[in-house]
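In the two assemblies presented below, subunit A is common to both, partnered first by subunit B and then by subunit C.
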Partner chain A sequence: MNSTLFVLASLDGLSYAALVFLVSVGLSLIFGVLRIVNVAHGSLYAFGAYLAASLSLLVTPISPWLTYPALLVASLVIGIVAGGLIERLLLSRVYGREEVLQLLITFAVFMIMDNLQRMIWGVQPIYAAEPLKLLPNVSIFGVSYTSYQVIVLPAVAVLALFGLRYFLRRTLMGSVILAVTEDREAATAIGINAQKVYLITFIIGATLAALGGALASPTTSLVPGMGTEMIVLSFAVAATAGLGQIEGTAITALAIGMARAFVIYLQPEFEVLVPYLIMVAVLLVRPEGLFGATKLRKI
Partner chain B sequence: MKRTGKTLKLLAGVSLLLGALGGPATAQDKPKELKIGITTFLSGPAAVFGEPGKAAAEMIAADINKKGGIGGVPVALSFVDEGAGGEALVSNYRRLVQDEKVDATFASISSGSCNQLVPLAEDLKMMNFMWDCGAASILEAKKYRYSFRTQANATPEMLAVLIYLLKTKPDFKTIAVVNQDYAWGRESWEIFSTALKQMKPDVQVVAELFPKFGAPDYSTEISRLMALRPDVVFTTSWGGDLDTLVRQAGQRGLLKQSTFVLAIGESSVQRLGKDLPEGLIIGARGDHWFMHPEKKNDAAFKDFNEAFKAKTGSMPIYPVYHMAQAFAALQGAYDKAIKANGGKWPTREQVVDAAPNLEFVGFGRPVKLRAEDNQGLEAQLVGVTKKADGFNHMVLDNMMIFDAAKITTPAGQKSVEWLKTLKPDFAKMDVPVFQHGK
Partner chain C sequence: MASRSPALAWMLAAVVVAAGVIPILIPSMATLVVLILAKGIVVLGIIILLQAGQVSFGHAMFFAAGSYTAGFWGKYLGVGDLMTYLVVGPVVATLLGLLVGLFVVRYREIFFGMLNLAFSMVLWSLLEKMFHLTNGADGMRVPRPTVFGMTFSPDNFQYVLLYLTLAIAIAATFAVQRFLESPTGNMLRAIKSNETRLEYLGVSARRILLIGYVISAGLGGIGGVLVAVAQQIATPEFAYWTKSGEFVFIAILGGVGNALGAFAGSAVFELVRFYASAQLANSWQLILGVVLITIILFAPNGLIGLWKRQRAARDES
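== the complex of A and B ==
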């Protein structure tokens, strides 16, 4: 592989990693705090995408530039409304219960949302590319790229990463979340409302999933089943990084995105396998994930 | 007198008993309704074909019933979702046959589903029309009595597209493929590339890319193709995958750099609207196009298209016409069997006997069910995209309609083996050309 192809593959890997990170980090955050593996995360991604596309198509006749706020509004609406309802009505009733029960409940939500999505938006592919078309293409070594994919998506992912870091480590609410994560009983004893912390964390995670979907919507066709594809990949990234690891998720998403891109250039038949091969290799050596801490067993 | 009275009572009793036995026998002869079980995708990505197919089935059944039914018997439909797949599909098919007692089935869209259900239909002695699945191997591997394919298979579909490419772009030197990574994507490329090697051996395949089925992003594949600069990019992708590939390629200028061949792109033309540029080669899995040049003035064709648009919001795509062909075959088989039975309602076996060599017309050229292997001989339409006034999407121009008999694997032969016997002259066959609107 010459240096030109190296640069091209790196750019492709970067834009892919950006979207994967946004979805995976939400999944990882929810697990880190609530200790729940949220299978419905893929549905929140799909709903974010569909609502963003619907709003974009609605506001485009007024001004195409309104599609950018539309992406954000769609993410917030899905994160707050759908995320809030799932947490309050279902998850809040099963905290501390068997993991298999939690898993089954989020799986049921996933199936219900999948059907709901078909009822609302139908089965024909939907495409709303206005945000992408507004920005010019950039030419790199004679190959044309859309600015949206090589500039906007990575920039949003970096903002999300540093925003989350700042929120968790530099704000009072972030400290409260970390306290509940560390020891829920002790945090509750000093007056922290753990239920509220769980709700806020779930809404943030759900909003990140919806934001991933909303940002993907200008680049891809929205079809039934799109959430399944993303949830499987997100699990691979989050598990490889170690569940609950924010910076680790970013590095792993980047590594998997890059590996996938290079494989397409060098050995395309392995494209589908790459994320999962990396995951298996890492988990065999470090079952807690690349960045996960070894857990001490309480006796 | 007493004896006579007793005898009369006895006779009356016997006659009542015979009447009671005879009643159901007559009802069986001509049932109250003709039940048809249809498997189609109502969930998952392939619902882009399954839902229009279902809508078409409902429309056609209503139309048949309005005209008095088949042989005077109204049809009733039951649908099964192929999206459930595997065990659920097989169980549901059994339920249709054994519990709902359907008289015929139309199964299926996916070749995987056909592979599962065709042997089952044989075991259950159920007349089945493979209404949309394309894998040639199913009917090439074994002779079935009860299953018939009411359309072509992947071999003539790919061959028509290749011959069109060779006729219209004879000087291309390099080609790349971007197909979905599952049975259809792999098999269709095997057919196309095998025939290509025979008919134009100097062409170099510069990339064989098989992204995951349902992939949301083709950026890396597009970058690689832009760097490789192949003369032709071939794809048999469909649905959301094809839409994404074409739109991402268009946004980055790849559609202008290479000639794109969308081997089953007819189903995406309306949806892609103006995002589809001029000059793309489009196949239609049969002679299917809502402005079919030989049918565009046919009143029934126009009425059906308009009614379908009124019902669904879009003009029909090829699965809709495939569904129409399955109904035409069913009607044709029953009509033929009734005639052969002296006007009486036929048994199921008599209807199955009537299907081989049956010729029927859906909304394209006539289709014939070849007796040797139950394979449908269906013409193929291929065209190139062009802008046209009055349409918010591309139309097809320079359309060629290929004669089914010339491009279908001869009965008794395996497709890939037959393709290896083809010579470059094969592509020089005469094919009628039709311009849009003329």
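== the complex of A and C ==
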């Protein structure tokens, strides 16, 4: 592998890791607070991507620069509307029920959204690369790469990482969320509305998934299976990091993104295997994930 | 357990008669009934694990192991015998189950589910990427096998397959019901209610779960062989995580308290899919999703639970 390929693979890995991080951290946050693995998370990612592409294509004739706000609007709409509906109508009814039922209700949402996606946007690939083309290319160690992918995407990911950290650790709402996570009963006893906390958390997580999809839409063609692939990948990242670990998710997303990018250049047929092999290897040694805390057994 | 009640025994008899007779009247139903029964057999395995409170989101890997056994046999060894498939397929699935099981039984709940998912996705991508061995995403054709060395015409073969599947399904149902009522089955349930106390009794919870896991993997293999033979193909999709989700879905739909639930759930699932995809082009997933939500929110014990509740209400009045 020569130096050009090395730089190329690193940049691929970086831009990919940024997207994966956004989706995974949303999944991890939802699990950390609601204790539910959201199987429909990949569908929120796909909906974010498709809506962003539709809006982009809609505003491009007016001014191509409007596509950037379109990406943001799409993720907020999906996050707040779809996320809010899922939490209020369905999840809020299964809190405290058996884990398998909670998992399956999000699986049902996945089935419905997957079907809706095909009804609304069809099965033909959709391209909306305007936001990618507007920004100039940058040259990094002699390799020309789109600045959208190596600057904008990582910047958004870093912003999301620090934004989440600040929100959870420095704001009142963040403290309230952490309190509910720590001990729901005690938090409710001092007057915290746990229902509201769950709703807000789910909306934030869903918005992050949709944002990941919206930002990914200019870089790839949108195809029906994109959500199903993303959900297992973000599971792998979140579980490898340790569910509920925000910083850990960032590091793991970077590691898995990089590993995948290098494997694509070296041994393309094993690309899909990488995240799962890493996940299996890590969980066999550290069941709680790389950054997770050990859980005590209760009698 | 409930299968001892006469009402359920009658229902079992009715189901068996329906599965055996309807396809004679409507020949086009034969393959559909085979699929229902075969998937029901896989779901029996999911129900075993659910007794221990563990949900596997990767059981499709054993299903695929059974299907691909038939596929590989057909491609590399020539047309085989259905009986050979039905022995070798489950053996392969069981061995795979032992191998994976040794790892995953150390984990519980979400980690158990996710590790299973990861293993099945590894198998899925291997099946898809090893193009020269497995034909990749196109899948492997499974030519119509002989049965006990005899060759059948397509029409006759579908009935042979149907009654064989029915016999296996009945045997598997009784075997699983017996297993769940056995001491090991009860210990399996104890993993769900209180694993630590189970271990205080000197029982290795991991060993118990491994036994259940390996049995469920074998059942997955049987179902996989039958579906591959019925559809004459094995594709990587058989190992994909959505397939695993489907099996868990069917288990919840039917009701996990009873082995019969597997077939009730499977019948509703396949019938909805069959008729919805025929009548309302491409919305079967949406309909099934809504059915699943309705079941979870309003009938957490599944169809069998609904049926029992109705009977209880009628007996009271």
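Just so we're on the same page, the second predicted complex is superposed on the first by the 282 of 299 C-alpha atoms of A that agree within 3 Å, B and C clash if a C-alpha of one lies under 4 Å from a C-alpha of the other, contacts with A are read in each partner's own complex, and residues count from 1 in each chain.
FYI, a residue touches a chain if its C-beta (ideal position, glycine included) is under 8 Å from a C-beta of that chain, and two chains touch if they have at least 3 such contacts.
The shown structure was predicted, so the numbers you read here are calculated from the model rather than taken from an experiment.
Undergrad: Does the subunit A-based superposition show subunit B and subunit C clashing or fitting?
TA: clash
Undergrad: Examine A:Phe270 and indicate which partner it touches, taking first as subunit B and second as subunit C; both and neither are also allowed.
TA: second
Undergrad: One more residue to check, A:Val77. First (subunit B), second (subunit C), both or neither?
TA: It touches nothing on subunit B or subunit C.
Undergrad: For A:Arg93 in the superposed arrangement: first (subunit B), second (subunit C), both or neither?
TA: second
Undergrad: Contacts for A:Arg118 in the overlay, against subunit B (first) and subunit C (second): which applies, first, second, both or neither?
TA: both
Undergrad: When the two structures are overlaid on chain A, which partner does A:Leu284 contact: first (subunit B), second (subunit C), both, or neither?
TA: second
Undergrad: Once the structures are superposed on A, label A:Ile200 by its partner contacts, choosing first (subunit B), second (subunit C), both or neither.
TA: neither
Undergrad: Could you say whether A:Leu211 touches subunit B, subunit C, both of them, or neither, answering first, second, both or neither?
TA: In the superposition, A:Leu211 touches no partner, neither subunit B nor subunit C.
Undergrad: In the superposed arrangement, which partner chain does A:Leu51 touch: subunit B (first), subunit C (second), both, or neither?
TA: In the superposition, A:Leu51 contacts neither subunit B nor subunit C.
Undergrad: Could you say whether A:Leu254 touches subunit B, subunit C, both of them, or neither, answering first, second, both or neither?
TA: neither
Undergrad: Report, in rising order, the residues of subunit A that make contact with subunit B in one complex and with subunit C in the other.
TA: The overlap between the subunit B and subunit C interfaces on subunit A comprises residues 118, 228, 269, 272.
Undergrad: Once bound in the complex, which stretches of subunit A touch subunit C?
TA: 31, 37, 39, 90, 93-94, 97-101, 103-105, 107-112, 114-116, 118-119, 228, 232, 235-236, 239, 243, 269-270, 272-273, 276-277, 279-280, 283-284, 287, 297-299
Undergrad: So in the complex, the part of subunit A that touches subunit B is made up of which residues?
TA: 4-5, 8-9, 11-13, 15-16, 19, 118, 122-125, 127, 129, 132-133, 137, 141-146, 149, 216, 219-226, 228-230, 260-261, 264-265, 268-269, 271-272
Undergrad: Would you tell me which residues of subunit C are touching subunit A in their complex?
TA: Its residues touching subunit A are 50, 53, 55, 57, 103, 106-107, 109-111, 113-115, 117-119, 121-122, 125-126, 128-130, 194, 196-197, 240-242, 245, 248-249, 252, 282-286, 288-290, 292-293, 296-297, 300.
Undergrad: Can you list the subunit B residues touching subunit A in their complex?
TA: 43-45, 47-48, 50-51, 181, 207-212, 214-217, 219-221, 223-224, 226-227, 239-241, 243-244, 247-248, 251-253, 271, 275, 314
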